[in-house]
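Please read the structure below before turning to the comments.
Note that the chains take the letters A, B, C and D in the order they are written out, and that residue 1 is the start of every chain.
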């Protein structure tokens, strides 16, 4: 028995991530300026604000999945850079899996995580190793599912996912970016952390360690 | 950050408001969203409609080419950020004249993902959408990975040729073919001398030494492929031209349309010094200039630098290029 | 100095060479001097001819307005330096179509002295020359000394209106009257955010702090009248508009042509943010915009900043403004 | 008897001024940048080169006046800013007075100086006190004529003219410029030396003290 989260917890989690994204604007902007166009922090702070507003004003009404799908659409409206669109896609896909639910158990969360991962790969068409958010997201989704399958608590599974995301992020840092804006910067991307990986780690850490 | 603006967050909405106030005879917007720019007379029934979209900060790209003989609509994002799929859909619905819609836009992740989503949504409403990606920047990937290249100033020639084809009554297939033919025959390469600042970011995307230039930079302030010492105009031009000529491989006797494009802060005087050398290089190779476009066609706000685009033209592309057009930023009449 | 050029001394000749290579269908030159730019079809017999001239570094001013419906010729000087009287005379001789020549140019010492000398020489050859000085910059002198004011972007409206009158077959007196009427009804005011560098000087004409702006600067990099802290776009616009409105004194119900002009490095986006506020201020006062021109019309190379020009139009000036024109930088067709 | 100069001396003097104008390019440019458009040094160095070229290739052929007039036209062709055009005008007017001469005495030189002064005032339409080159040129021409009239040598008259030019230049430095580009700079011109006055002093000093 790995525990579960209810609608209030999901809303609170979305709120928390929203606050964190606003707080990290300058940091993520600086990362994206190194090998992108410098808009990642801006996009995510706009999305963070939009998610806070959405969570504050939209009641769940007995369907966490539908609510998450709508949160994804609000995110897309607020910021539609590559990462922003992928984040919106992830929310919509996770929501689809959770359709009709009022409470989410470990298996639900693992399935949502996997659906988000698949959705991001489909929409973005990047491969593992291309040095994109997928290199953090995919191992995190797998680690989460494995931990749940082996009977660990949500808390433990979350920590395993975070560790996998960080390891995934670090594993591609030495590589050359192969997809998106960073791919045009060429060899100068080698040794620099992928901004999208780091943004994903920031969000996941905030979900796993609510206090920071 | 030294810019003439009010609140950074209002940069794009106020720019759009000013633009719509300045050109009410040519431009309008879909619904109540200023980011959804359309021709004042949209939809033009019975004509294939053309839409583009992308981030702000590139005027006249993208919305400056909305008008007679070029584009029907444009979804406008925040600075260097893609508009949303919903906005693209709103433009699509508003300009559809019953003969389908062609999306022509630069190969950028956010734009591709959102235009793909918009096309999926438009299909649900029985609007036939076709997509043509602009990938003209030779600096952004080697020929064997040409599908990875980003779209820069060459998109203007694609807008012009596809827009002319649609204006002449071309079918959806023909308009797509015109855009693809233009793109197959054009290449672009640029250099930057100074960075630019996204208003909300407040500081430049990259820094560059007083005696340096960035070869093959993007039009989003993203760093280019290589940093080098600043060279004289003729050498810079040779550098850009050689990269383009090696990739496009035009032959003696070919006619070329030439665009020397300023990135925002480079004086027209300097663009003509570049044009001079480009013209001389083509003449030396037995090629001729069919039409010359020198000015600011696709910018990165206050970035200094320039790009060169060459398009090989045959009789069909020549006729499409010559066709009249009238938009807020591009007026061409038959000579 | 970060510029795309070869030898500083070749800046102007190479720019002119590039320009003539790019626009052979529209431009040519008198004798063997590239500095003497004339319409490709000059002289237009039976038409009053218009000439201007001045230093380089202001493209599209001056030579960019040589073409159908605007100017017949232009004597081009080195950067910010007057052309010589001999060059002005060469242009005058080449464009004279038998109905006299009107000199329209900005009120700058070197230009005035040399155009005066050229007019004296032309008189000896029985070419009737009339002079109209552009003095539109309200920042450069108080109203009681308006004759001391310098000429800036407003000259483009004077070229347009006088050029249209000549194109319509106006007499020498009528063309002069059209230019003077346009000038009597227009005023300009500008701000600069950064300096510019004369290529041969190698360093900027003035320096300006990261948080400062120069009110009422000239288009030659000469300092303005006052240095202030950089303000938000709406306040800068209010500042410029108020100075113009107080001087021109248009009334509720008046129609105005508006030009928001970039000095070289200011992005079009920012110009539209300025235009938005200017438009709103006119609306609040019950005035309407007859035509809006937003872009780079008179620059100072890579200087950042902008100017606003207002011209009050009656039916006659409106018709002259609406008349078609086609030059390398200014194409206007009947809507 | 105040002495006289022959054609060779005139040619040598023009050569010398030409060299000096080229040497002072940066200095005069810096002065003009303070309240003008920064082209004075450039213009005068172009004129300096043109005068050297002219002097080196054009024989006097028995008429110093005609030769000076042609030198003025060469100057106008080379650099036609305000100061450049006034300098050309001065040469042409001085040349007119010296028409047909093969040797110039003190009275001739005084008359040429006065003609140049009048020509500059006519062409430029500036008044004494407007803070232009006239404020150095006019007192210099008067001092030269007075010295010659009182029987001083050319050398002495030249020194008197130079002193008057310097005094005239300094007398207007505190004033606000009333004519030309500097007039648009307004109060910020107060206390700054007029670049045209200084350029005239530079030329005159080079004529009076050949060694520097």
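Before moving on, here are some points about what is shown:
Assume a contact is a pair of C-beta atoms (placed from the backbone, for glycine too) under 8 Å apart; a residue touches a chain by one contact, two chains touch by 3 or more.
Treat the numbers as computed from the prediction; the structure is a model and nothing was measured.
Chain centres here are Cα averages; for chain C and chain D they lie 32 Å apart.
Centre-to-centre spacing of chain A and chain C amounts to 55 Å, using the average Cα coordinate of each chain. Of all residues in chain C, none touches 2 or more other chains.
Contact with two or more other chains is made by no residue of chain D. Interchain contacts link the chains end to end along an open line, per the touch definition above.
Contact between chains, using the touch rule, shows up for A-B, B-C, C-D.
Listing the residues of chain B that touch chain A in their complex gives 55, 77-86, 108-110, 113-114, 116-117, 137, 139-141, 148, 150, 198, 200-201, 205-206, 216, 218, 220-226.
Of all residues in chain A, those touching chain B in their complex are 29, 33, 35-39, 41-43, 46, 73, 76-77, 79-82, 84-86, 89, 123-124, 179-181, 183-186, 188. Of all the residues in chain C, the ones that touch chain B in their complex are 2-6, 11-12, 14-19, 21-23, 25, 56-57, 59-60, 64, 193-194, 210-211, 230, 232-234, 236, 264-277, 279, 289, 292, 294-296, 299, 301-302, 304, 306, 326, 329, 331-333, 335.
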